[in-house]
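Heads up, the next two complexes both have subunit A, just with different partners, subunit B and then subunit C.
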Partner chain A sequence: MLAYVVRRILATVPVMAIVALFVFSLLYIAPGDPAAVIAGDQATPQDIERIRATLGLDRPFLVRFGEWVWNILHADFGTSIFTGLPVTQLIAQRIEPTFSLMIVTLIFAIVVAVPIGVLAAWKAGTVIDRAFMAFAVFGFSVPVFVVGYVLAYIFALQLEWLPVQGYTPISAGIWPWMKNLILPAAALGFIYIALIARITRTAMLEVLQQDYIKTARAKGLGEGRILFLHALKNAAVPIVTVIGIGVALLIGGAVVTESVFAIPGLGRLTIDAILRRDYPVIQGLVLLFSFVYVLINLMVDLAYIVLDPRIRY
Partner chain B sequence: MPAISQGAAAKTIKFVPQANLANFDPIWGTQYVVRNAAALVWDTLYGVNDKLEPQRQMVESEEVSSDGLTWTFKLRSGLKFHDGAPVLAKDCVASLKRWAARDPMGLMIIAQQNELSAVNDTTFKWSLKKPFAKMLFALGKNNSPCSFIMPERIALTDPFKQITEYIGSGPMKFVQKDWVPGAKAVFEKFADYKPREEKASWLSGGKNMLVDRIEWIIMPDPATAAAALQNGEVDWWELPLPDLVPVLKANSNILVDIGDPLGSIGSFRMNHLYPPFDKLKARQAILAAMNQEDYMRALVGDDKNLWKPLPGFFTPGTPLYTEAGGDILKMRSIEAGKKLLAESGYNNEPVTCVVAQDQLATKAFGDVTADLLKKLGMNVDFVATDWGTTGARRAQKTPPGQGGWNMFHTWHSGADCINPAPYTAIRANGDKAWFGWPNSPEVEGDIATWFEAKNLAEEKSAIDKLNKDAIDFVVYAPTGFFLSYTAWRKNISGIVKGPLPFFWNVSKSA
Partner chain C sequence: MTDIINHEGVAIAPQLPDILPPVKRRTGLAALLRHHPTVLVGGAILVLLVLMAIIAPLLFTVDPTALAPARRLRSPSAEYWFGSDMLGRDIYSRVVYGARVSLVVGISVAAFASLAGLFIGLIAGFVRIADGVIMRFMDGLMSIPPILLAIALMALTRASVGNVILAITIAEIPRVSRLVRSVVLSLREQAYVDAAITSGTRTPQIILRHILPNTLAPMTVQATYICASAMITEAILSFIGAGTPPTIPSWGNIMAEGRALWQVKPAIVFFPAAFLSLTVLAVNLVGDGLRDALDPRFAKRL
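Showing the complex of A and B:
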């Protein structure tokens, strides 16, 4: 297994290299000019040209790409064109809010979705099943920002229980940290709950048809024990897979959620960087997201071994 | 809330600015949001008051030689930078050199300067080859870039490179460690700031800080900002979306009023280099047919307090405002436009109309223009894009079919349009002009006449002629004058209307 883990980690290197080349090329050919944005609306074309030169944007593609790769190999992701701050510093400033949001959303979604999926499978074909699945379809269909606005209107503006916006670091205390994350996590988790609940239901339906479940029932085991201990464990592989895939959804959803709730996270940093053509920041963020995604896929693959000892690599 | 916490909260203003403070060098980055924050941190030698007259600010006195060629400035005593160092004449010299390299008025001064140098620690002089009557206005104007004074070591930075140290001598210090670009910027009261004794008026007079801390909270989503203001999570929202203003007005804890009386002038520019708008009559056809009301309603809705028709190029309500020569903009006749277009020889060439969809104003203006062009029977190539792409594309001088353009939409801050000095968009000096590259010696001659004007009457006369010639030549098409609201909670007092949010003399009760 160790050899497999090492192999997989080494396999991320070419993946990241391809991502790096792709991102750099895409940004190079994309229209837009950070120098024009920096110079402002009153700037003359001569001003813009001069700023382009000082930023090194007038140099050939290969020179810029080579320099960028060389710097990355030395753990230097460059400096933001706009803020003048190192990309690593900008990412470090924003990583806690985004990871907090993703972790809370993930926990919230799993805690809600898995029981819903299990219950729906157990009561397949009944009103409960249909109600849960109708909720799942609704969850898929409603955009994150709509859920966000509705939650903010009810729980912040009308009931005044929670803040509308912002983020408090965990170092300020668990409740202040949590208070700012409840609404965004609920909004972002909506679609995720729908996804996990549907997959859990499908996987559980298959497992519940197995002979060993009938045997367990014949032995007189309680339904709760059968469902959550015996059946769920064997249905876990597709559920874990979809949780892993869903991390990509979370990253995409975080961009919208962070804007709606004014959370200073990586999602907003990404949007700001794209709109201003802040190339070093975009490149750094895409590499980070790609790395996280590759890492999560690796963790999912490793989880298969734990969940199903029959799987060997 | 405990009494101590209430007191602390009352000493902090939470403010939602118009945009993200993505950089903090007011010379390198000329966006208005940077200038607005910079006005807290850096002071200026002069500052305009609400009549747009330059008043002494860091300067104690000035003297101009009888031939108008040498200006001598003496600094007020006791001025300090935030790092404790005294403000010296050499700091002013270095700061003015950096500013002048990036500012249109500064460039004009440089073009005719002999020397800018420190005489001693408190005095510096600027000697010129010919008189520059607008010197004090240049040093005190409120449009970007303002001539902010920085320590010499910082001001020696190349004006096309960003500074990394934010030390000024203004009433607030920038808390660099708390700056999260795109999310938050923090300013703390500078205890050693020495305000002037005169009453504050815009950028002039006593900048007395009545709060200890100002937090800028960046909120990209207007609905979130509206909710945060209603919930009391923020105190002041600089630029509410017009659609959300009725909700704010309905809240008894919130006050709403016009923010910047100088407002903005909407515009679209036509490319003078390529058909069809290389022909004067084609450009005039657009002016004759367009209806500014359509543009303004598309942007601000039915609120008549928020817009005015603008048969000219200068900011309404300012001393040089004129409608001279503006009759063509009052025609609003598609038929007249069609006639002029036919006379121009328009041959159904595609008109590449670049419209940024991510800016409220450009999106609204672009949709109206597309409709106008179709009504005129023109072949519209509507390019829906974002502002970043527009910024790059408008600089392209290649033909429209090869990455260039025929039209793009934008707007100008009213502060930039009060006279020709900061007004890059009205220049018509061909290759050196703003995008669209109009070339009209008459317009340029009028601008030169204004610069040499010795009194307001002469200035007005020059501007009347400039306005007429610029409209006749169609330097660009003004789509109207529009204003914006600002909104704040009732426990904030002292907010004044102005071209930027002035925080001095603003207080907050618990």
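Showing the complex of A and C:
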């Protein structure tokens, strides 16, 4: 088992290496002079020269890539072209709101979606099940910012239960922090809930047909015990897999959600970086988010060992 | 969104041989629509939306880019059906014309990503030496969240509809390639492919006769989900200012322009939002119906 854990952890290294190589070389694959690409249309020759110096374009590609990776391994993501500040510092300033939003959404989505999926599978073929399936298709179709605006309109503008936008750091207290996160998390979690609930339903339908469920019913176990202890535990592997894969949706969605709810997080930083063509910042953000994504899916893989003792690689 | 289906495709990949479509007798379009009403409903909405996009100039619209600063921020009325924005442009006309961008991007990305994915997937499935290299590279690309990848690509290029299509296509390719490759790998194990190989059929012939036709069903379903996902991604890119140039009305652009004022004039945001959601819903309905129709065994499971 330890060998598997070590092998699985080592397997993330080449994946991250490819991500890094891709993110780094994108700038050079794009047509035209990289410095001019970054500088944009209204750049003066001085601007382009300054950017050329920042990027160190006079040295060979592999040397630059090697240096860049070396610096990243030492938590140095380079310097923002627009602000002149280290990318690491810019990211550190903005990381709390984004990670708060993502973690709250993740927990909220799992707590809501799994029981819905279990219920739909238990009542398969009934009105409840059909209503849920309709909700799932709906959930996949309504983009995250649309959900965000609708929720904000109803609960913030009309009912005035929650703030329309903004963010309060967690250091100001749990409730003020939470109050600002409820609507964004609900908006961001919408598609994620549809995704997790649907895979839960599918996995549960499969498990509920197994003989040991019949046995459990025959020996008179309560339905709740059967569903949540016996069935759900055996349906866990695909559910956990989809939770891990769905984090990509959370990351992409967080950028937009922050924009709708005016949350000063990494999404805001991403948008500013695009508008200013601040490519070092974009590189840092893509790398960071990909790393989080790979890390979460690594944890999912390791969770298999706990969830299904039969899995031994 | 395609991601979901793709991801589920990945999640269920080990069982893929099991869910491969059985040889199907040809059934007519009418039968398909009768047995799968979601295709009918989704298809009907889509036809209407495509018509709307094509005959936009005839639908009582005015020039969607015409400025009228004196008449800005009007509420919906007989003159301005959906109201006017902060530059006095008619939102109804902008929303109707905006359908063009969404549909063109959705359909183009679905077509290009399918073709590229088919090509890469076939190579990976047939050329053993290339397989490892290609799939490791795709694994890397797949660990970049697709929207973020599209954002990074857009940051390097000029804002244009063509570049939006290119960026989203590149972000979608890894998942399609993976799907095609897994279909190819399981088909190669089939007895009739073995038989074709032993009887001396050359590889191109095998691909053309035996492999390609069998990838069509899963690819069609996949293409509809790519189309839905691409339309959402386009709207997101435009919404955050990294997509379709502001001079072209697209649903994402209209929402981006309405963002600053949405608390006062929610209509500017809600009309394009409703059309975008309806369009994506219609595509997803067609996709779900096709999935059930083309793959009866899978339909029972879901």
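As a convention for this text, the second predicted complex is superposed on the first by the 269 of 313 C-alpha atoms of A that agree within 3 Å, B and C clash if a C-alpha of one lies under 4 Å from a C-alpha of the other, contacts with A are read in each partner's own complex, and residues count from 1 in each chain.
By our rule, a residue touches a chain if its C-beta (ideal position, glycine included) is under 8 Å from a C-beta of that chain, and two chains touch if they have at least 3 such contacts.
Quantities reported herein were computed from a predicted structural model and do not represent experimental measurements.
Q: Looking at subunit A, does subunit B or subunit C touch a larger number of its residues?
A: Counting contacted residues of subunit A, the larger count belongs to C.
Q: Is A:289 in contact with subunit B, with subunit C, with both, or with neither (first, second, both, neither)?
A: A:289 sits against subunit C, while subunit B stays out of touch.
Q: Given the touch rule stated above, what does A:275 touch, subunit B (first), subunit C (second), both, or neither?
A: both
Q: Report for A:264: first if it touches subunit B alone, second if subunit C alone, otherwise both or neither.
A: first
Q: Is A:37 touching anything from subunit B or subunit C once the two structures are fitted on A? First, second, both or neither.
A: Both: A:37 reaches subunit B and subunit C.
Q: Using the touch definition from the top, say if A:157 reaches subunit B (first), subunit C (second), both or neither.
A: Both subunit B and subunit C are touched by A:157.
Q: Based on the superposed arrangement, let me know which partner A:187 touches: subunit B (first), subunit C (second), both, or neither?
A: A:187: touches no partner chain.
Q: Would you sort A:90 into first (subunit B), second (subunit C), both or neither based on which partner it touches?
A: first
Q: Is A:251 touching the first partner subunit B, the second partner subunit C, both, or neither of them?
A: The second partner, subunit C, only.
Q: On the A-aligned overlay, A:149 touches which partner chain: subunit B = first, subunit C = second, or both, or neither?
A: both
Q: Across the two complexes, find the residues of subunit A that touch subunit B and also touch subunit C.
A: 37, 149, 153, 157, 164, 259-260, 271, 275, 277
Q: Subunit B touches which residues of subunit A in the complex?
A: Contact set of subunit A toward subunit B: 31-34, 36-48, 50-51, 53-54, 80, 82-85, 90, 93-94, 149, 152-153, 156-157, 160, 163-166, 259-262, 264, 268-269, 271-272, 275-277.
Q: Could you list, by residue number, the parts of subunit A that touch subunit C in their complex?
A: Where subunit A meets subunit C, its residues are 14-19, 21-23, 26-27, 30, 37, 137-138, 140-146, 149-150, 153, 157, 164, 191, 194-195, 198-199, 202, 205-206, 238, 241-242, 245-246, 248-249, 251-253, 255-256, 259-260, 270-271, 273-275, 277, 279, 282-283, 285-286, 289-290, 293-294, 297.
Q: In their complex, what parts of subunit B are in touch with subunit A?
A: Answer in residue numbers: 20, 22-23, 25, 28-31, 102, 104, 143-144, 158, 160-162, 164, 180-184, 217-221, 223-225, 227-228, 230-231, 233, 358, 385-389, 391-395, 410, 412, 416, 422, 424-425, 432, 434-435.
Q: What residues of subunit C sit close enough to touch subunit A in their complex?
A: Answer in residue numbers: 1, 3-4, 7-8, 10-12, 136-137, 139-141, 143-149, 151-157, 228, 232, 235-236, 239-242, 255, 259, 262-263, 266, 269-270, 273, 276-277, 280-281, 284-285, 288, 301-302.
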